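Before I ask anything, here is the structure I am working with.
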């Protein structure tokens, strides 16, 4: 199964033009049930309610990450850079392809309610008794574990880890370009070929030639634009809030013994926290959408109303507030309570920072590995020491956010 | 409700950059349940199995058709062309927006099994007791009927009809560009602004200045490329064939009294041919996908196997044959029958012509209204009289197709 | 001559797709000798030696500035913004079109040698006895003066001035997009339609809705990228340095009575500082290139060598130094002097700041009018107060430059 | 000098993103005087008067042809196709780079007046005592001759010849994309990567896999569009006609002993047909433009008027006629003669077919080598046998042209 396919396979891809597959292992992985399931999970969750083009799947993103990794590795090999371990090529490609395998439907919203983690599920699928697991084990019995380690960032060959998940990795490079393409927010695009020309494997890191600093600045500014224009868009946040509240309500009702008029297996196991791998793999976005569509007719008025809001896109409105303690928040909660609405389900103060730790914050313990510049003398320095633009984005990202109060506008009489 | 919104609304659109809405009627229509439902119907059905980017919805296409129509009308009004009835603007825009409202899930495959027609459903929704129907009736009680007439091509002001459905209409202009964008097949793109510059309302038609003939040739060649590269792609046909056979089998089983382990309302009504508008509106692609996912576990082996093929993308392979009577077809049917497989469910000879009547065929009774050139002297001539390229595409399209035999490769021992 | 053309004229433009002309005055101005002359002046001077696509002319840029101004004004008029004086439309368009009329060949290099200014020449041509002057005067005898005032920033209606020359004006918007397009440096592109949506005329300024702040940040980052990647590219600087030294040498030789083997009228007048408008209009880049080609054969070895360097692209190499006082500079000068080469002609320490005053520097006297944000409450604040990205680019731009020593590599034995 | 550069060199190119150079021979060739001279020759001659973006040089086109050839060869080598002679790589790249070296200024117009041929000049420069010739001879004394043979299509290894000049060669592939990019006529673009995927070296030809037939059809339709929209544009033809007449007049005057007020060496040698290689290399477009600018002041009224028409873009108008014998032509000639204008200099009937022999015409003796399809069985068939689109374009191209009569509108009283 090692070696190369008799004839290269290609996928037509709007972002990278073609995705090229020559390894039979990669080809077999793509054709597994578990990988095909990613077609039924959107890359950007509920963002399609803000940007109607954003229906693209994690399947397409995963192929894209694989392709970016393949091009980076090809560039490293063509230039015979000493820092790249050639024997790790297949491992790196497999990890790139499979890194999102454990994403469930609308994962950012759902994970927080059920305390699950897509990284864990990814590793369980890879090391489990699955089609993917069997293909990997056929390469070498230790191979599934290695792939899981790369994804879990515990693999000792750190350059492989950093290729897949660093501050400027194949994952981010694909999703920025892809999300920009499908939303139509073209200011999120950056020049991938320019980046490929300036990166090098070096001391276990993927570093950037100092002369390529402006290319990295451009990449980071593209990321900055995507965060503010797309990922933190308040309409998307509104739909995520509603989705989260739907599942909070359903979980609460289930715990209280409520008899659902409609419920599909394996959701009870999800509510009880007892999902096995084979259960997990049956949950996808069509199932969740079908369930919520039916819940619009549930007897519980909160579940029914919130589900209808989501399905028919009757989202919460939002207004800027000073913070969670702004008196306007309490006033809104009281107004809703007077109308018989539970304020915990009908309001939320949101401040989009959860993804911000991805942005570079030097010295912060939770931060991802920094972007490093390789000077002409061969030294390595962290980019924010050289680039005022990067250091200011890092420093300033925290303070630019706005607290928004989300609420059901048509259920309130007066303006806030 | 007539008049204009206080502030123009826009949708970010990857194809047209922005979709602009100034009419409160249009804005209200977009926010109805029925229109939002189009988010849950893909524009290209099963094509996402061939082109992974093709997950775009009929919602985005419908907004796009509206936007193209809006630009054409704006161009006509700015130039004060006498052939355009200014008072019909809102009617034209509403029809453009709503023309696909009656599409069900995977409609091309499903309609043929259940003998339904999306055009009929569109008109029933528009004239029915629906959110859309009420908004249209608020404009004028006769308005829903007018919109339905435009879509059904029976409205007397034919220039409005031709704007929405002719050989070079807002519908086609959007879908060619949009399908090219989302599949990544960029050779399907044409220059919309150039077309806008050369079209004119004239004698109830949308005609083309003769000097713009090459622009039309380019548009038609883009269409030609899209047909061969995308719409007729054999992998897409394979997934459509499987889908059709799944629903044929389910319908047959239902008629025979089979007890489905899983079935969701209102599918029984669909099987019995008794769908009401409110039932129809509950059927979307997530529901169909959820049902087929469950059917992979049905007791009936044909339904279970075909459903698994669709859900996990284990499609039929294909091989060129001379036609339905090619002896290779019968040999394949026999081989499958020997293995206990019903050849009617496991083979199909397909020849992609069903959409070909859309291509221009002069003098053919079923043909759409032709594309007309307006000469400098003011005469109108049909384009294939002037353009060898167009006449050859029209004449030749018939003979270029290939008959393919579809079959389950791994269930047969020998090659065909 | 006022009014509109019977049929709109268009120019096919790679950047804006089409440039639309409806005013007979604008049409007549484009067809003058003086405006057509801009075809023979490159937009980016010697940059074509670094980016071979950068052969685009000031003619195309000038049409582009006109087109951007036209779109901005159309947007203002469509929305009926009170801050825009509708009667000034033609004035604004004429000024946009003509603002670069006084650029000579390779103007950035040549102007510094001969102490001329393209702004002065522009006004002299506009108010002079020229085809342009006569067309403008036919509109109204005061019109040429008004156009010149807008370009000279002394026109009392400041919103018209700011439309053409501010920190975010039609001039910059066109040149960033155009220079990005023709060099191929696509990271210089920004989203013009997005900017058009967020700007407003307000209090004599073109301001930006606060919600559009990120759009401005993106525009400024595009500018930042263009400065570092294109405008300050050391290879371009090298060719500009050589060009400047050629003309310094020629001027010096002329003053010293040297007998040129080749000299074309009206260069002697240029050397003597006695150019009249009609002389100025005869000097274009083909003339300068022809003269330099001949000067490769002049008896004066400095003039001949420098000219050959320019014509055959044998540019000076460069190396980073600490500043003009870096000892490496003096060492290089001595080494060249020993070989009989005049160090004043064969070295230069360059630090690219001359265009930096264009970047926004709050509180700096020489600065262009700032970019202003319009808050939801209707206040106006300068953007760097709100945007950390902008303030850091402004603050940091100064310190990021590098001093480079330029020198003729092959004429020195040792490395620096 | 063989081998590879220590570090790959790249040129930023708007069409191909980057042009990559690894061979020291190619690098040295690019830096010769003769190759740098191509910066001063426009790729599209006078087309910039129709499409203002079309200022791109033959230098950029030549780099582009080299780059396309490099990618094709890389594709052939990566797939180890047996039909490609690996040892001919450098020869093919050098020929691709240098194939246009002998183009003079505005060559299509000028060559016909002076009976010179750019192919001849290319070979004379390559085999002559030039910088290019010396670099090639350093590879191998026989190498300059081989390069010249490839360009002259006499080299025995025909697959190398066909790579550079066939119906679908590196030359055409670059110029279609490049001319589309710089004119802004984006419907001339085709999908280069798709073409690269379907071509194969086979039996001394570059053939196309049958499954890639639609890709070739798209490429040929792009060519068709470029011919009609760009290369045959009547405004471009008008400027070419004027240019040709200027040089006819100058040649005639020179032969008659006219004393030019302005003439630059080596034009007298050109007029006498006595140009040597070193003379030829001194003639470029800046020289021609400078000369014509001066000729606007010549005593000969025809030369002065025609030169002013060209320099200030006061082109001839055009009107459709039935052919050279249309009575309208003779009437126009008489009208001009009555006004004292020589009709031979002031009229021309033009029918753009001269480039049409490039289009595919099966069986026609003057035709270029056909495009061949490689069937699945391994047979080779000429494409027009399979493709109705191609055969119709070939057949129809002849009859679609229009005869235009060009004339100086403002010098005639009545309309034609």
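Annotations for the structure displayed:
Every chain is named by a letter (A, B, C and D) in the order it is written, and numbering of its residues begins at 1.
Note that a residue touches a chain if its C-beta (ideal position, glycine included) is under 8 Å from a C-beta of that chain, and two chains touch if they have at least 3 such contacts.
Keep in mind that this is a model prediction, so the values were computed, not measured.
The set of chains in contact with subunit C as well as subunit D comprises A, B. With every chain reduced to the mean of its CA atoms, the largest distance from subunit A is reached by D. When the contact pairs of C-D are matched by residue number against A-B, B-C or B-D, over half are shared only with A-B. More C-beta pairs in contact connect the chains of A-B than those of the other pair, out of A-D and A-B.
Here the spacing of subunit A and subunit C, counted between their Cα centres, is 44 Å.
Note on chain placement: the centre of subunit A and the centre of subunit D lie 50 Å apart, centres being C-alpha means.
Computed centre separation for the pair subunit A/subunit B is 32 angstrom, with centres defined by C-alpha atoms. In subunit D, the residues that reach two or more other chains under the touch definition are 17.
Those residues of subunit A that touch subunit B in the complex are listed here as 11-15, 17, 31, 33, 36, 39-40, 48, 51-53, 55-57, 59-60, 63, 181-185, 264, 282, 284-287, 289-290, 293, 311-313. Those residues of subunit D that touch subunit B in the shared complex are 186-187, 190-191, 194, 214-215, 217-218, 221, 224-225, 228-229, 388-389, 391-393, 395-396, 399-400. Put simply, subunit D touches subunit A in their complex at residues 10, 17-18, 193, 197.
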